[in-house]
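What follows is chain A paired twice: with chain B in the first complex and chain C in the second.
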Partner chain A sequence: MEQFSPIKRSKDGQAVRYLIVDDSVFARKNLARIIESFGGEIAGEAGDGMTAITEYERCKPDIALMDITMPQMEGIEAAEKIVQQNPDARIVMVSSVGYQENIVAALQRGARHFVQKPVKPEVLYEVIKYVLGEDGVVAATAGAGA
Partner chain B sequence: MKMELIQPFINAADAVLSQGLNSPMEIGNLTMEKEAYRRKGVAAMVELSGDIEGRVIFDAAPQTAAKIASQLAGMELPESDSLVREAVCELANQVIGNAVATLNDQGFHFRVHPPHLHTSEHGPKITPNTEALVLCFETSSGSVFMNIALNYGSSVKGSASSVSA
Partner chain C sequence: MTPFRDDPGAEMRELFFETSQELLQSLNDDALKLERSPQDGEVVRSIRRTMHTLKGDAAACGFKELSELAHKLEDALAEGSAADAGALVQLSLSAADIFSAMLVAYRKRTTLPDTTAIKQMVSKLASGPRATRSKRKATTSKNSGVMWTEGERKSAGAAKADGKSIFHVVAYLDQLCAMPIAARQMVASQLASIAQVIAARPDEQSATHAKKFDFLIATSAAESTVNSNCVIPTVISHAECFPHGVEAAASADIARGGAKFPVPTEKSGVAPETAGPTSVAENILRVGTERIDNVLNLVGELIIAKSMMQQSMQEFTRRYPKDPLRARFSDAMAFQSRVLNDLQRSVMKIRMVPVEQLFRRFPRIVHDTAKSCAKQVKIIIRGQDTDVDKSLLDAIAEPLTHIVRNAISHGIENPRERELAGKDPTGTVQLDAYHQANQLIVEIKDDGKGIDPVKLKAKAVKENVISAADAERMSTEEAFDLIYRPGFSTAEQITEISGRGVGLDVVRNVLMRMKGTIEIDTTPGQGTTFRLKLPLTLAIIQALMFRIEHRLYAIPLNAVAEIARAQESDLHRVDTTEVLQLRNRVLPLVRVGQRRNSELEPRRDKIFILVLNLGERKLGLVVDALEGEEELVIKALDDHTVSTDLVSSASILGDGRVVLIMNLAAVIERFTRSGTDVSNSGSLPRATDGAAPEVRQ
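After this line comes the complex of A and B, so read on.
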């Protein structure tokens, strides 16, 4: 997999910490692989919306990547509940069901961005940089891509 | 099934499989089946409800599924690895999700249920006025089958004739 210039937290230069939420183990592993290629750290994982809320409170990640279609509680509802408790939460919806209504609903309920599956690493990389804004900084490394 | 409903599934499978496997694919056989579905290998089923209701099954021989999963995971996975089954479910989720996104933007409203493994040899009986459309995609890793059985939901039955998949 292509390696990207690491994205660090600007406040302390540490790796950006991610919570990955997806009911598919395969999708979580795939996202984790992509995140690691950005120099990120996996702070937690969850397979449904209910667990995502608990995990978010436990690990307080810098960014949560959230699937939409999941058992028990879907991603948009979980995102809304997390943002209600944590108004600064940065949640990026990552779903194959990327139609207008879903995207608008997710953004209205507090998600910061939407990435369509299958995830293109270069797209997610740009979205992460955008969502972090001034709280993220791209560390220069020799020979790094993107 | 009307082409307006089929085409998004073909386009989505093309896009997702080509990107995931990093090689072009071809559409092979296209057949209609009236009999109950018979599983070919590792199969994932996604159910839809709303303006269009029914199910789509994504299916591949175990060897093909392992090759596809290995390609997607970036490492060799044996046929017995649970990640192979997970990969087929995720692939189904992505293809069907992308197709549904297109259909939704065309005015059809759905709820997509999470994919689950279809482990029995046969699928649920198809209703008398519904056929399943079986599409075969020839990929660099082998044949992948998509079995689509959909009908217009009750909310649009009044305005459209029954659609057989």
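After this line comes the complex of A and C, so read on.
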């Protein structure tokens, strides 16, 4: 897999912490691999919306990647609940083109961004940088050695 | 001079001819609106927009003269905004006329009409102050590009008054992003965090294929901030931000978009690749009527096939009453017939258009007619949403126009007379359309002086239409019938308006051809109502089938008021007319068969009388036997098949028999005029069972 210059937290230079929410184990694995290639750290995983909320409260990640269609509670509702509790939460919706309306709904309820499934690493990389804004910094030198 | 250069443009020109009709219509509408409310600046703007669109579209099609004229008018309207509204109304109406004439000339490739008169009007208007010119430039460019509605522009104005800057932001979708709707939401949210979003194009529903998004925002942020906020990696590749009012890029779009495709009002500015408002147009399919007719015809064949099946089914049931397969067949057939009904209804619906398409011409017609008769008339239009078959609509346009003109020139009194009679000096003409049973009813009602039967008779006697003795005996109903006589008019003198050689006789003929009727309701001093009744569609009718001398005929079921049973001995003869005493009414009878030869044929005692409603009159049609009701698919008969107007069409039954459909109006006319019991003068053509109709010369 292509290597990216790691994105670090600008406040402490530590790895960016992620919560990955998807009901497919394969999709979680795939996302985790991509994120690790960005130098990120998987703080938690969840397979449904309910777990996502409790996991978010437990690990307080920098970014949550959220699937839309899941059992128990859908991604939109989970995103909404998380944002209600944590107004600064950065939630990126991950979904296929067919769920565009749901993405719009999630964006209206506080999600920050979206990426299309299947996730392209270079797209997600740009999205992460954008969502982190000033809180993220690209460690230019570290990438070359990795 | 003719700008036809290449063929690929032909389709576009066709489109232009079509869309420009709508533009001219709205020009007419706006002009009349302006006449009613001269202070309404929005109407003037609307007229100017119409001119602007016409100008662009015409130029794109190479119609230089029209484009130039529209351009002149557009200029004149901007400069003359302060000018007398009356002059603007006149100018707009004349413009609509001259444009329409030009379009005809372009279409037929004939000489263009003379435009000197209108140019003079323009230059008269244009002599206003020059200072407004630069201002106008800004306004028109604001009108170009994406169109913001008046309300949106008002909010922008209000925000501007609050010290905010107004920007038009154009955000372009990133190639990587396959979800424009979501992308649109993201930009909108981004903009909302720094600005008040006044308007957005396209809206959420129509953004499916959008490549760029237009926003009108009010903000206190700087242009660069707005710009950088809109750029979102992987979603929005870049954005442009213009202070509202000077949109350089948008007018560039016009050149691109306009040249490729002449889209009507409010759309010309959008580049072709955007889904924006154009996507609305994409949902509309233009289909030639003949294609729809073709489908309808096939549906008709299916209905015949259905009745074939039904007959076979009956036969099957008779032979194998116990067979379990029977239930399955009948289930399948019930399903089939339900789908078929839906199919038929849907296809019919395609042909249906709201009657508004016809009605909206009338404000102008009323305006012009009233003006030339020096009368004050207002028009009220109701029921414009009523759907009607397109071909029917086209057919009644002419009769309707005639009746409305008549109502104004003959019906409505001049203002002074009206005041003397204690009425509002402004007369009213009311158009109404509605469905009743399977019919379309169109009413034309005026509050004029009504029709006086006494005057009518006097006039008829004077013109030698009837004798004085006839007039004495005539009932009021019969007197009203006089107005349908060719060349008959009660107007003191033939005016240019209603004396165009098209009389009410022609109106009635047209209606007869469409299997419709016309009724008059009039109260002297209070007004007249003409009521046109037409079948909703001409393709499929509910018919009553009957036999006369073993021949099968059908008539539309809705013409039959009642069916009476009688004995030959119940019939009486009054003068030359056979009559039947039906309850307390005497019903004149019509017999269409050959003279009964009692030696050859045994006298049949039991007969049926179909009581027919024909406009005001009731008549009984004597038939030998009833055959039943059926939905008949009408097959037109051309003149080569049957050379008589007594049958209007034919149909094929499920068992292959041919049934002729009587043209009732013609039958009754023919058989009442020459006495009832006609032998030689006319007899109906026959359809020999299972074969093509016999030709009768």
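As a convention for this text, the second predicted complex is superposed on the first by the 137 of 146 C-alpha atoms of A that agree within 3 Å, B and C clash if a C-alpha of one lies under 4 Å from a C-alpha of the other, contacts with A are read in each partner's own complex, and residues count from 1 in each chain.
In this text, contacts are C-beta pairs under 8 Å (C-beta built on N, C-alpha and C of every residue); 3 or more make two chains touch, one makes a residue touch a chain.
Keep in mind that what you see is a predicted model, and the values were worked out from it rather than measured.
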Between chain B (first) and chain C (second), which, if any, makes contact with A:Glu101: first, second, both or neither? both
Does the superposition put A:Met73 against chain B (first), chain C (second), both, or neither? neither
Compare chain B and chain C by how many residues of chain A each one touches, and report the one with more. B
Looking at A:Val137 after the superposition, I want to know if it touches chain B, chain C, both of them or none. Which is it: first, second, both, neither? neither
With the two structures laid over each other on chain A, which partner does A:Ile42 touch: chain B (first), chain C (second), both, or neither? neither
Between chain B (first) and chain C (second), which, if any, makes contact with A:Ala32: first, second, both or neither? neither
Would you sort A:Val127 into first (chain B), second (chain C), both or neither based on which partner it touches? second
After lining up the shared chain so the two structures overlap, which partner does A:Met50 touch, if you call chain B first and chain C second: first, second, both or neither? neither
Taking the stated contact definition, name every residue in chain A that is touched by chain B in one complex and by chain C in the other, in rising order. 97, 100-101, 116, 120
With touch defined as at the start, can you tell me which chain C residues reach chain A in the complex? 176-179, 181-182, 185-186, 189, 204, 232-235
In the complex with chain C, residue positions of chain A that touch it: 97, 100-101, 103-104, 107-108, 113-116, 120, 123, 126-127, 129-130
Complex interface listing, chain B residues touching chain A: 16, 19-20, 69, 72-74, 82-83, 86-87, 89-90, 93-98, 100-102, 104-105, 109, 112-115
In their shared complex, at which residues does chain A touch chain B? 1, 23-27, 29-30, 33, 69-71, 95-102, 116-118, 120
